[in-house]
Every structure is written in C-alpha cells, then in structure tokens.
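Here subunit A shows up in two complexes: once beside subunit B, once beside subunit C.
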Partner chain A sequence: MLVLKLAFRNITHAGLRTWLNVIVLSFAFVLIVLTEGLYDGMSEQVKDAEIDSSVGGGQFWQKDYDPNDPFSFETAHSEIPVDLKKEIERDNASAVLIASASIFPRNLIQSVTLKGIDPDQKIVNLPVTVLKEEQDTNAIPGLIGFRMAKSTGLQAGDYVSARWRNIKGTFDAGDIKIVKVININIPSVDKGQIWIPLESLRTMMQAPGQATVITFKKNLSRIPSGSREWIFKDHNYLLKDLNENISRKRLYSNFMFSLLLGIALLAVFDTQVLSIFRRRKEIGTLMALGMTKWSVIILFTLEGCLLGILAFITGFMYGYPILAYLAKEGIVLPRMIEQSQFAILLVLYPKYGLKLYIVTALILFISVIIVSFLPAHRIAKLKPTDALKGKLS
Partner chain B sequence: MKKAPAIIIFFIITYTIIGFAQVPSGLDVLMKIDKNLVLDKAISYTTIIIHGRTGTRSIKSKNWIEGKDKAFVEYTDPPREKGKKMLRLGNQVWNYYPEPTDRIITISGHLLRQSVMGSDLSYEDITENRKLTDMYDAKVTGSEMINNRNCYVVELSSKLDDIAYHSRKLWVDKERWLPLKEIRYAKSGRPIKQSELLEVFSLENRWYPKRILYHDLMQNGNGTEYIVESVELHAAIAESQFTKAALKK
Partner chain C sequence: MTDSQIIKVNNLIKDYTMGKQFFRALNDINLSVKTGEFCGLVGPSGSGKTTLLNIIGALDNPTGGDAIIMDKSVNALKSKEAAKLRNESIGFIFQTYNLLPIYTVYENVEFPLLLLKKNKRDREEAVMRALEWVGISDKANSKPNQLSGGESQRVAVARAMVKLPKIVLADEPTANLDAANSHNILKTLQKLNSELKTTFIFATHDEKVIGYLRRKIILGDGKVIDDININ
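Presenting the complex of A and B:
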C-alpha cells in the first residue's frame, strides 16, 4: 500500500514530465484504435458491397467458367437445371450469361466482357432496370461502371460498335447504346464489362435459356444441391481473393500499430531511464530505510502503470468524441482510390468494437508495464551505499 | 423494212440467251479460284506489312506449302522475329519460339481466333482449309468493274452453322479467276473484314496474288498488306519439313 501511495505521489508531483508521457501514450491509444477501426470498417464495407453487388448469397457456376480466363467464356454456358430455374422464378436467384466481345470506341479495338442480366432481377444491387427502359430497338442497351466509362471514353447516350462470336463460332456485330454510367465501387462488376439484358445476349449468342452464373439471394436458408454441370461456390470461395487482400492490408495496419506503440513505449522507457538516473540518491535512501530492492522495482513499475491508466482516461476523454464523430460521418478518401483494384467506398466509416478497445488497452497497458519494469529491474543489482553515493551504471 | 424490228428483237433475245448461258455458276467460279490459289508444292517468300496505330512494321518469312493442309513458315526478319516458326497441319497450328524460350506452343481452340503477329489476320483466317464449296452456297449476282477489271460478283451464304463468317461477297476477275475484292459479313449482315487484291502475277499457267490488303472494317486502321515476293513451284520439299521436329531445327 505504501508503495502504491508513493508511486501516486511521485506521479502527481512530476508535473509536466507526467503529462507529456500521458499525452504521448493517449495519442498512441487513440490513433491505434482509429487505425484498427478504419481497417475493420473498410473490410466490412468492402465485403458487404461485394456481396450486395456481385456474389449475393453464393453462386452456381457453370463447370467451365473461370472468371480469370476470358477464353473459358466460349464454353462456359449451359441450360439452367430445373431446380435452379424454379429458384429464379421464385425470385430467389438470378441468371447471368457471360460472353467475350470486342468493342470499337473511337474506332479502336478493345476487349470486353458482356454480361447478360435480367433487368427485373432483385438479387444484386445493380440498377439494371434502366436496361428495359431504352426505346431504341436498333441498339442493344448497355450499362457500364465509371471505371469502364473512363477507360473507353464512353458516356451515357453514346453508341459503340461491338463484335462477338455466337456459341457456334460465327461472327456477329451490332451497336450497343450506353444507357447509363453507374458510380459503382466494385471493380469486379465494372472493369472491362458491359451489362446488357439477358435475353438480348442469349439471342446474340444463339444460346436460348442458357446461363453462366446463377446468383442466389443473401441469407437464403436453403440452397439447392449442385450438379456435375453446375457447381456451388459459397462466400468462402467467392470472397477468397478479397479476404486475402484484406489480410495483406491488415499487415500494414499491424505495422502502424507497432509503430505507434513503439513511439509511445520509447517515450515511457526514456522517461523511466532518466527518472531512475535522476532519482538514484532517492533510491539509495529508500533502500537504506529498509525498502527492499524488489519494492523499489515495484514502485517504478507502478509509476509506469499509473501513467498508462492516466493515458487511457485522458485518451477516452478527448478521443471518444473524435472517434464517435468519424464513425458517424466517415472519412472521405481521395478520388485516386477509384483506380484501386480493391473494392472500396469513397467514404470510409471506421468500426470500433468493444473487443478493439479492450485488446488495444491491454496490449498498451502490458507493454507499458514491461518498459517500466525493464529499466527498473537493474536496481536489483544496486548496493544501497552505491546508490547513496549516486553510483549507478 | 417491216421485218427489220423483228430481226433486231430476234438478235437481242438470242444474244441475251447466249449471254446468260455464258455466266458461270457460283460453284464453277469457286472451283476456278481454288485451281488458281491452291499450290501443290511450293516454296514462297512473303512479307507482311502491318500498318498499326503507332507505326508500320513488316515481317518477312519463308514458307513451305503443300496443298491446302500443310504449311511451314519461318520468320526471317526483323531480328526480333527471326527464328520463330509456325507449322500448320490441317486446322492445327504450332508456334515455335527460339532461345531463350525455346518452346513449341500449340495454337488450338480459342487461340486460333487470335491475331497473327498483331496483324488483321487471325490464325483461323490462315488455317481455314475447308473448301469454299463445302461451306457456302455461291451465286453469281452480277458484274462490276474493280480496278478496271471486269468481275463477277459472287455472293456466298453459309450452309453450315460452325463457320466464322456467315456470308461473303467476292468480286472475281472474269479472265484471271482471282477474287480482286472480298467482304466478309457478320451474321447480322454488317461487313466486318475486307480484302483487296492489289497486284497479281503470272505463275506458269495460272494467275497468283502478289499483294493483298486486309482491312478490319470495324477499326480505323490502315490494314495489313500481304506481299508474295516470289514463288518456287514444284519445289522439292522433304516430308520431314511438315513435322514438329522441323520446328526446332
């Protein structure tokens, strides 16, 4: 108890030195929570956006379909099985037919992926209803994302010539009218793609009733079993790349965590070393008065702990309003992030869970105890007479 | 004097009938074209000039040909392409890339639809070895002048499902039996590729293309020129020339 009282008195009497340490530690605490919250928020937003706009509650893929190999699109299409067709009729699923084509914006050839989707579908969050509103029957209505618009120079209302081969291999050609450019932040439904009505693509490809991918509604309790021709892909599979990408980004977040923690701990360590050097006569006096070496070590370690506690309280006082404001209003990211391969929203909302607060506080607290203990434990080797003489090596 | 109009009408009708009788059938025209273009055994030297957006580049090659099914190409210039080889047997193609790659790559399926050396020609265009008469119904629809040469206009419409071009239109020289112009159409009827025979030369008792200009009609490019520098007919070509082993020699 005496040690605790002494430690508290030393801390309160240290004045500016204490507050400098407290501010540094509290900054580190708040910044670590903010950084981790940003990554957690970003990961969740990206996954939600990918699920909403692309993968839904899981997908059935035609066995030959490989999204990374456009050449596979030539054979990746077949009749939709009866059980999957029933789910589409019940609005539990939606069919997409995928084909390769060439378009000629500004008379230059460019490879694209044509994706045929039912304009009335309600499974993925894409504004494809505009595809059925187009009046020009001489052109195929098409919808593109802003990345595609930027790479091709196409805008809403533009016509572009397209050439494709039907499933027999015969060339066909026609005009696509861009009816809308959408501001979608999911590259997997934007880059190099044109969304057109499913029935139009089926006619173009001479593939009536066929599809490449069947996307299911989110949170559906029952998914039909797959077959040799149609293979079910769950979120673990469909979001694998995204999860790996998030894990890679998490490395940066861990680096930031370590950097901030390191800066704060360096400050505490430095203060403790200086404090022990400056207070060597006091240490000798305490030991001469009968305080054991370990009590002195505990005293200095406790002082560090108190610094940590003060830092949490201070950090909470000024950090909570800031963190809460950012969680509500979000952080606006620069426009250059639009070019990222990684799906991301332009306004990022950090997400802080109770776990994040507790884990960050615990790591910081334990680290402060360790860096307080490390310089203090050298006192164990000190003789009281040497300490009184001010000898401390 | 009253008989004069009747005689004139008689001659007009007679000449019209004779004229119609002299118009060959589409099948005849295609057979005559094949007779000109298909070489039994030959070694040729050709240049492909690709007029791209960023400039023009030319590729020279030596070619060994046997009928419609066998071809072996060795690129000789520019240095970057030198040593590359291509073997075609029927509708199969193998490409050889010399050191440091030293690899033979099979061009099949969808890869046949890729451009040859960045030109306006696909491997499929150059490997298509089915006879036109097997793929298309041909009909002579008229006569037109192309480059001051009198030509038959022959329209081809596909009789099979699995062919690249749904229809074609040829302007065939009435005397030399070579297509001086050809347009290939998409299923929708939109013209997508065009070739123009700009020069011909006499080769023994036949006419043979000297310079052809290919155009992708959907692009704004200047096309690809195919120039036949020389042809050595009835060349002695060893059977081993048309084997995969010859690619690495």
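Presenting the complex of A and C:
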C-alpha cells in the first residue's frame, strides 16, 4: 500500500523529531506497564499475606462475634462443635478465643483485644511457638506486632499488668510478659491486640473448651457446614475491606495511568499539529500531483500511528529487561510506618500479565490513532490552492 | 467541441469573498486551447493569471461559467475525480519548485508514477528518461536542499513530465531563476512540446518566457484583453 510506504518513508526521514516522540511514547508504555504491574503485584502480595497470617482458607465465627465491636466479645464464645473439633485435631483448623482487656503501660490505661491461640497451631503463619518457650510462669507470655509495640511503648521483655472480666463478669488481673515483637505488616493481626496461649486465656476467662473463631487451613478441599451457632465466613467476606482498599489504590494507579498516557499523547498531538502546519505547502503539492485529500489525511494519520508502533518496539526492547529484572528482584520500599522508629522493608514484586500488556498496548494504540487523526482530518477543509500558497484555512 | 480543443473556458467568473465584500478576480473569461499549444497567460500582477491556471488545473472551482478540461467540466468534478484528472493528465510546475524535501531527486520524480501505480521497471525507465530530458541524471541521489535553484526547477520539470501528461501548467516557472537558467528551462520545455505534443500553459509576466510563447493570452483586471497568435 502506497500511503503506508510513504508514511514510513516520511517517518524514517524525519530523524530526531521521530525519535523524540518514540522515546516519550515508549516511556509511557513502559511506565504504565510498570505501575499497573506494581499494583497487581502489591494487591496479590497483600492478599496472600492476609490469607497466610490471618484468615487462612476461611473462618467459622461464633454468631455474636463482630471484630469491630469489642462489646460483642463478652458473649462471642461457645463450645466448639464436634465436627469442627475433629478438624482441629486433624490439624486442618485452629481455634482462637477473643476477649477484651485493659492494660496499664506507662501507668496509662489502654483497651486491648486478647487473642488466645494454640502455640502449636500450623494454620496461620504467626511465630506463636515462642509463647510456649517462655520460662517465667508468673506471667502470661504475649506476642505483639510493631504497631501495637509503638502505640503502647512495649518492647520484648517488658511486663505489663492487665485487667479483664471473666465470662461470669468477675474482674481479675495479672501480668503479661511481651516475649516478642514481630515485624509484620498486617494490621488485622497487629493493631490493638496481644496474642497469648489459648489455654491461658481460657483459664483467665473461665471458659474451658470455648472459642470465638475457628480458622481453617487454606486450600482445603472440604470444609464442614456451619450451624446456627457457628457461621462460616469465606474469602469474599473476610477480604472485603482489603479488596475495597485495593480498588481505591487501583483508582490512583489508573489516574497515574491516564496522566502518563495524556503526556505521551500530547507529544504526538503536538508533533502532528506542528507537522501539518509546517508541511502545508507539501500537502498542497501532494494534492496538485494528484493525491486525494483523504489519502493525504490517511498519510498523516499513519505517520502518527507508525510512531506508536515504533514506540512499542523500542519500549519492548529496553523495557522488557528492566521490567523482568524488577519482577524477579522486587522493588524495595523502605517505609517508615506512621512515623515510628520501625522501618519495615516492603519488597514489592510487580506482576505483569499478558492481559496487562495487551490492554495497555491497545489503549495506547487506539489513542495514538485518535490523536494522529484529529489534527490530520482538518486537511479535508484545506483548499489545495491555499495549501500551495502556504496558507492554512 | 472538436477533439483538438483540450481546454475550453466559457464565461468563467471567479469571485473571492472577504467578509461581506467580494472581489471579482476573473470576469467573464472565454478561451480555448488546442492540443500541443505552447501558450501563456500574460498580464500584470493581480490580473488573475494564477487564479485561471488553478481552475484549469482543477485545483479550484469557478464561481460562474465553466472550464472543460479534456471533455470534463471542472464544475461537475468531485474532489476525488479532480485528483484523478490531475494525477493522470496534468503536470504542474511552480515558481517555488515545491519539491518534497525529504525525498531524493529520483524519488521526487518517481512520485507521480507511484500514484499512478506503475510497476518498478516502468518507473525506473520513465524517471531516468525524464532526468535525461532535463539533463540532471547525475543528481539522481541528491536531496532538494543540495540543489541550486536552476537544478531544482529542472527536477520539477522532470516531475511534471515524467508521466507524459496531456497538459503542463507552469506558474511563473522562471521567477526565481537567472537568465541563463531561465533560457535553459524554457528551451527544454519547448523541445518537449515539439517532441511530445504536450500542451503547455504558462502564467507569467517575464519577458524571457513571453519571448518563447507561440500564443499570448493577455489578461487585465480579470478579463482577456487580447489573444495574440504567432506563427
């Protein structure tokens, strides 16, 4: 096809101008794939971590349990039904008892959630085995996350007094020894809570054999059906907040996406407008030589599109090794969480699906066609005689 | 209309509108041109030479009357058909050469043949022949910005002639050239006219050009004032 050949010739002869455009466009392409890939990778990582350390393959909740309402903890505990107990014995599930308490760090009163967990459990990825290694029998061993450590000022080795009410409503008190502070970036197992041995909490609450939550192993093929007392919560339910959070961040990444795209397209648009302005005499000549207006319009549009294609090729050539390297090595983000002393290292692994490449390429390509065509189609209104004089009507 | 009348202009009027006012650039022009003529529209600046030439070249439309080019009325031509007519039958030579800047001399001359979808061998043959006519074969691989004005105009002549058009329209082809180059170009065009029977129409007020013309159509204020044949 002649026009394509001409467009290609014009593009390759235009030298620096072409390459500037190609570089800007390819930059946008690579950066868009990178940011989108970063968010995809982050979403997956965060979700995996939440499943790994908190919700497992799904949970049974005692019917009164509401994690957002500490008052519900007073009644949210029951004996574990037989079928669930069997799963716990088979190491397919693990029980957690939840209660409210007050602690007195630095002589201040602070409400906390006590979570009793079996130190031998193998269901969630928390280093709770340290709870059974503690030698001091006068205190209850406790494990906290770094957010909790920051908000209470507690460190490993510290003692803190605690006060709670057992299920009969009687107040009781004792000391908790923090045996370990874990560096974990999952608020749902960290904020406002202390992990202690399940049996200790049962004794404290005078609630032998009772639990609030039964967490199941992930990827289990069969999960027992619930009862009126124990209700099963699946991932859809348990990860709802997280998913909403991710889509909010997605929105931000889409904004970045549009911004990058906008900048790149502006460059192409600009080049097109400029090149039609500068080449109007050439346009007139082409028409005098017998090219139709539409051939000229298609020629200029194709020139823009070829920039897009060249951008994909160059972007792929220098972008692919970079993207692949980042996906393999991850991107280290040293993050100061909430101005604390604790800097935790977040390593993000971008993930680029084929869909991401194709969607990005398609969106970019269609936009390039549009911004190439928009200035070019004004040639239709141009009179050949005006164009030859170098005028733009 | 006889076969030999390749161009016929009837009661042609061209108005340019500027806001509410209009300016009559061509006022009731009547003329006909026979195949193989070597003629020129002659007149002072602003007399309407370019305007008339552009209408004959199907680049512009008349306001009134008609121009019949090779049995086709320019009024009836759609823009696509006008492009086809220019592509197949009309060669243009401009005062400012209008070469395509990024193409070589060869590619510039080849261009009309690409539009005509000629095959590579035919193109090569025709381009080399056209370059020989104007004596510029040695510059085939040069770019327009490496050429002198005279050389550029010779390339433009080759580009106009390469497809062997029936009509060549030349608007002030020598205005940017010195005397020697002007005569060189004009002699070449004269030779091509007698060898190929191509019809030439110039628009000019250059005495050098006028000296070569076999027919002078004198324009003044948008009208034909005189029509002088020299035999």
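Just so it is clear, the second predicted complex is superposed on the first by the 382 of 393 C-alpha atoms of A that agree within 3 Å, B and C clash if a C-alpha of one lies under 4 Å from a C-alpha of the other, contacts with A are read in each partner's own complex, and residues count from 1 in each chain.
The working rule: a residue touches a chain if its C-beta (ideal position, glycine included) is under 8 Å from a C-beta of that chain, and two chains touch if they have at least 3 such contacts.
Since we're looking at a predicted model, the values are computed, not measured.
Once both complexes are superposed on subunit A, the partners subunit B and subunit C fit side by side without clashing.
After overlaying the two complexes on the shared chain, residue contacts for A:Arg163 are found with subunit B alone; subunit C is out of touch.
Look at A:Lys293: by the touch rule set out above, it reaches subunit C but stays clear of subunit B. Of the two partner chains, subunit C is the only one that A:His13 touches; subunit B does not reach it.
When the shared chain is aligned, subunit B comes close enough to touch A:Asn107, but subunit C does not. Once the two complexes are overlaid on the shared chain, A:Phe171 sits against subunit B while remaining clear of subunit C. Look at A:Arg248: by the touch rule set out above, it reaches neither subunit B nor subunit C. Between subunit B and subunit C, the minimal CA-CA distance in the chain A superposition rounds to 69 Å. Those residues of subunit C lying in contact with subunit A across their complex are 54, 57, 59-60, 79-80, 83-88, 90, 92, 94, 96, 98, 100-103, 107, 111-112, 114-117, 159.
Subunit A contributes residues 71, 74, 102, 104, 106-109, 161, 163, 165-166, 168-174 to its touches with subunit B in the complex. Interface residues of subunit B, counted against subunit A in their complex, comprise 53, 109-111, 113, 158, 161-166, 184, 186-188, 190, 192, 216, 218-220.
Considering their complex, residues 2, 6, 9-10, 13-14, 281-282, 284-294, 383-385, 388 of subunit A touch subunit C.
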